[in-house]
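So that you can tell them apart, the chains are marked A, B, C, D, E and F in the order they are listed, and the count of residues begins at 1 in each.
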Amino acid sequence: MSCRRALFLGRFQPFHNGHLEALKWILEREPEVVLAIGSAQYSHSFRNPFTVGERLEMIQAVLRAENLADRVMVSVVPDTDNEHSLWVRLVVSWSPCFDKVYTNDPLSQLLFREEGFQVEGIPFHEREVLEGTRIRKLMAEGGDWEKYVHPRVAEIIKRIRGDARIAELYRLSPA
Amino acid sequence: MSCRRALFLGRFQPFHNGHLEALKWILEREPEVVLAIGSAQYSHSFRNPFTVGERLEMIQAVLRAENLADRVMVSVVPDTDNEHSLWVRLVVSWSPCFDKVYTNDPLSQLLFREEGFQVEGIPFHEREVLEGTRIRKLMAEGGDWEKYVHPRVAEIIKRIRGDARIAELYRLSPA
Amino acid sequence: MSCRRALFLGRFQPFHNGHLEALKWILEREPEVVLAIGSAQYSHSFRNPFTVGERLEMIQAVLRAENLADRVMVSVVPDTDNEHSLWVRLVVSWSPCFDKVYTNDPLSQLLFREEGFQVEGIPFHEREVLEGTRIRKLMAEGGDWEKYVHPRVAEIIKRIRGDARIAELYRLSPA
Amino acid sequence: MSCRRALFLGRFQPFHNGHLEALKWILEREPEVVLAIGSAQYSHSFRNPFTVGERLEMIQAVLRAENLADRVMVSVVPDTDNEHSLWVRLVVSWSPCFDKVYTNDPLSQLLFREEGFQVEGIPFHEREVLEGTRIRKLMAEGGDWEKYVHPRVAEIIKRIRGDARIAELYRLSPA
Amino acid sequence: MSCRRALFLGRFQPFHNGHLEALKWILEREPEVVLAIGSAQYSHSFRNPFTVGERLEMIQAVLRAENLADRVMVSVVPDTDNEHSLWVRLVVSWSPCFDKVYTNDPLSQLLFREEGFQVEGIPFHEREVLEGTRIRKLMAEGGDWEKYVHPRVAEIIKRIRGDARIAELYRLSPA
Amino acid sequence: MSCRRALFLGRFQPFHNGHLEALKWILEREPEVVLAIGSAQYSHSFRNPFTVGERLEMIQAVLRAENLADRVMVSVVPDTDNEHSLWVRLVVSWSPCFDKVYTNDPLSQLLFREEGFQVEGIPFHEREVLEGTRIRKLMAEGGDWEKYVHPRVAEIIKRIRGDARIAELYRLSPA
C-alpha cells in the first residue's frame, strides 16, 4: 500500500545537528517523514544515556521550534535483542505507514532490503552518525557540546542534568 | 521536578470523539499534554484491533487537523502483563516529563496515586470511554460508526480496512 | 520467492486422525508441506497438555509410519502472547520457506491474509479441529480415545502417561 | 542429593493464620523448611494484591515473632506464564536445596511428581487456602479481617494501607 | 525413562560436512538421534546468520538426500539468554525423549552433567566445530565454501543469497 | 514512608568475608538491613557461577551462624537486561520497605540517586568487591579460597561441588 511517507531511523542519543540536517535533507525529497526512535527500552548506559521519553521530548521540541511538526511523525520502537528477523515487522507495527527507508546503518539496510523495502543512504549523514559518540564524549569531559545540538535540546539536557549523567556513565564503561 | 505538563492516558482503540473532547477539556486546564497510547504491543483482537503505529497515525492526523500539535506530545507505552508495580515507572520512562495525570481508569488511578502523583478524573469522559466498545461493535455490525470519529480517523480506518478487520475479530471472540 | 511448499498450522494437542486426514488432503494438492506446531512453549494445561517435544515425537512417528516423511517438514513456532502483529513473521522465520497457508483458524487466516499470503481452508477439517477437545475429554473421563489417534500416537501417550496427566488437568480447569 | 529440607509453596496473598498453622504442622515432620513465595512478579490485582517485597516483609516479621527463623528459609519464585514445563526447574534454581514438597495445589503436585519429587498434601490446609480469598473479601468490604492474620501482618498491611488497596482492586474486578 | 535415543546439539550455522560426519558417527553407536538446533531465535549476525527456519530446511534436505530421516528427528530450542539453569529443562521440553547427550561444547557438557545426564564428546568433532566460523569467513570473502557443505545445503544458501548476507554481516562485525 | 531499614546490594558470587564485614559495618549504623541478591536469574558463568537458590542458602547459613538473622532480611532481584530505568522500581517492589541504600557500584548509585534515594558508599568495601573475582580465580586454579569465606559457605560450595563448576566455567571464558 502506498503511503507517500519515508522512515528515518535512529537512536538519537541525543538528537543532534547532524540528525536535524539529515531530516531536512530527507524532507526535500519526501512529502512526509516518520522519525523512528530505536532501542526504545534502553537508557542509562554511555551508548544509550537517555530514556525514550527524554528523547521524545527533545525531538518534539526541535520539530516545533523548526516548524517541522506538520510533516514529521515520531514513532518509538523497542529493540528485539538479537531476534533480528522480527525487527522490520516490529518497526512496521509500531510506526505509521511508510514505504521507503532512509538509514546508513548497514544492518538496518540489510534487514529492510530482505523484506522488500526500498532503502536509501543519506549522503553526508554517516559522518554525523559518528557525532553521537563524539558529543557524548564532550559531555563526559566537560567540553563544549552545546554547539552541536539545537538550543531546545541543550535546554532539556541541562534541566535533567543529562551531561552529569553521561559523565558518570562514561567513567563506568566508556564503550 | 516541575514540567507543567499533564498526562492523558488511553488505549485509543480507535481515537474517537469522546477522546478528542476529553483532550480539549484537559487543554483548557493545562498548558501542555502528553497523550500516552497504552497497551502498545497488542493488536488484532476485538478489544485492541489496531497496531500502535495505526493508532499513532490516527492521532497525529487529528492533532494536525485540529491545530493541537503545538500543545500535545504523543508517547507510546507497552503493557507490563500484570507486573503492575512496574507500570507507572514504565510510563514515566517512555513519556516526556509530566507532573499530573488525567484518567478515569481505576487501576491507573490507584497505581499513580501510590507513586505520589496527583490524579484527576475527567468528568464526562467515563461515558465516552464506553464508546470504544460501542464504536467497535458498530463497525463489526456494519452500523454507522463514522459519525463518532474524526473524519481523518475514518479515512485511515477505511484505507487500512479496519472495519473489516474488526468485523472478523468480533466473530472470533466478541469480548 | 516461490518455494512450492504449503504451510499446515495447528497446535496438535494431540495429533489425531482428523489432522492426519487433513494432511493427506493437502498433500494431494501440494508437492510439499511444512507442518508447523504452534503454541510451542505451552504445556500442562487441559487445552495444551503436551510439551512441544512430545508433540514432535508423536508427529514424526506418524510421518514415518505413513511414509510421509519425504514430503513433510515439521517446524515449531512459539506463541507471541497477543503481540499478533509479529506472529506471521515469527512463523516465517521459524519455518522452511512456504508460499501458501492451509488453516481453518479465523485469526490465522486474517493475519496471513493481511501480510499478503494466499490462505485456504480445509473443507472437512473444521469438524476435526473440534476433535482435539473431544479426544482430550475422552482421555479425562477414561473413554475410548485410542481409536481417534494413530497407533503410534496412542503408544507414546501411554508411555508418558499422557491420559493420566490430562485427567488431572481436566479436574483442575476443564476449559 | 539429600538436603533434609522440605518445600512449602504458596502465593501468601497475604500470609494468614492458615499458612502459619500449615507451616508449623510441616515443621513437626521436617527438620527444615523452604517457604517459597510464588507468582513473585505480580501485584495490584484482587487475586495478587501485594508485591513480593511486601509479602517477604510480612513473612519475615512472623518468622521472627514466632521464633521460626532458625528452621525456615524464604525464597521467591516468579511465575512462568503458562510455560509450565519450566516451572519446577525454576523453583529449584531459585530456592535452597530441598527434597520433598508440601502443597495442596493440584497443578504443582502434578508438575513436581512428573519431575520425580515426593509430594505431600497438607491435611487441613485446603480449607485454609480458601481463606486467602475470604480474607481479601473481608478487607474489601471493611469486615473484621485482622483476626485471621498474625498481629505483625496486620500491622504491615495497615501501614501500607493494603486494605484500602484491596478494596479498590475488588471494585475493579472481584475475581 | 529409557528412550534409546541420543541428543546431538548444535547451532548449525550452517549445517556442514563436519556436522554430517559427526551425525553419522553417532548413528553408528545409537539407534536413533534427536538433532537439536540451538539458539533458535537468533539470525542475521555473523555468528548466527541463518534463521532457524532456514537451518531446518537445510538439515531436512540433507537427511532426505542421505537417507537418514528414518533415524533422526529434528528439534528446535531457543536460547535462555544466560538463564543457564533453565536451559537443560528447555531442551528436554522442546525435544523428543532422549537419554544421552553428544556434544563437545563445554558449557552444555557441564549443564547436562549437573542434571544427571550421560554426556559424551565426539572425538574428531572439535576441529569440525571450528569449521563453522571458517566456512562463514570463506563465504564473506568469496572463497570456495561450497565443498565444505552438502550440495543440497549449498543450493539452499545460494537460493536465499545467504553468502551475500554473510558478507554484509561480516563487514558489520566480524566476531 | 520511613521504614528505618537500609538496603545492602550485591550479587554475592559467592558471599565472602568482605561482604560479611560490610554487612556488620552497616549494622553498626542502621537498625535493620535488607540484603538484596541481584542478577537473580543468572548462573553458570564465571562471573555469576551460583544460582540464586544456592546464594540464598549460603547467606541464610551465615546469618544464622553469626546471629544476624534478627536484623537482616534477604530479598532477591532479577536483572532488567539493560532496561536500567526500571531497575530501581524493581528493587523496591521485590524488597521489604527501605529508605537508604548502601552500595559502591557506580551505576546503582546513579540510578538510586536519580530516584531520590539517599545513597552511601561502604568505605573499605570496594577492595572487598574485587575479592569476588579473586576468590573465583582461586577456586578455578585450585588455590586456597576457603579462608576468604565463612566456614558455612565453604561447606555448601563443597557439597554442591561449586569449585569444580567454577574451574570449568573459568576455562570456558575467564572474563
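Just so it is clear, a contact is a pair of C-beta atoms (placed from the backbone, for glycine too) under 8 Å apart; a residue touches a chain by one contact, two chains touch by 3 or more.
The UniProt protein names, listed by chain, are A, B, C, D, E, F = Nicotinamide-nucleotide adenylyltransferase.
The shown structure was predicted, so the numbers you read here are calculated from the model rather than taken from an experiment.
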Under the touch definition above, the chains in contact with both chain D and chain E are C, F
Note, CA centroid farthest from chain B's centroid sits on chain E
With centres defined as the mean of Cα atoms, the chain at greatest distance from chain D is chain A
For the copies chain B and chain C, the interface residues, called same if over half of the numbers are used by both and different if under half, are different
Per the C-alpha means, the centres of chain A and chain C lie apart by a whole-Å value of 43
Rounded to the nearest Å, the gap between Cα centres of chain A and chain B is 25
Chain-centre distance (mean CA atoms) for chain C and chain D, in whole Å, is 37
Where chain B touches two or more other chains at once, the residues are 43, 51, 81, 85, 92-93
Among line, ring, star, complete and other, the chain contact graph is other
Pairwise, the chains that touch are A-B, A-C, A-E, A-F, B-C, B-D, B-F, C-D, C-E, D-E, D-F, E-F
Contacts from chain B onto chain F in the complex sit at residues 85-86, 88-90, 92-93
So, in the complex, the side of chain E touching chain A is made of residues 41-45, 48, 51, 81, 165, 168-169, 171-172
Within the complex, chain E is touched by chain A residues 81-85, 106-107, 110-111, 114
Within their complex, chain E touches chain C through residues 1, 40, 43, 51-54, 56-57, 60, 64, 69-70, 73-76, 78, 92-97, 159-160
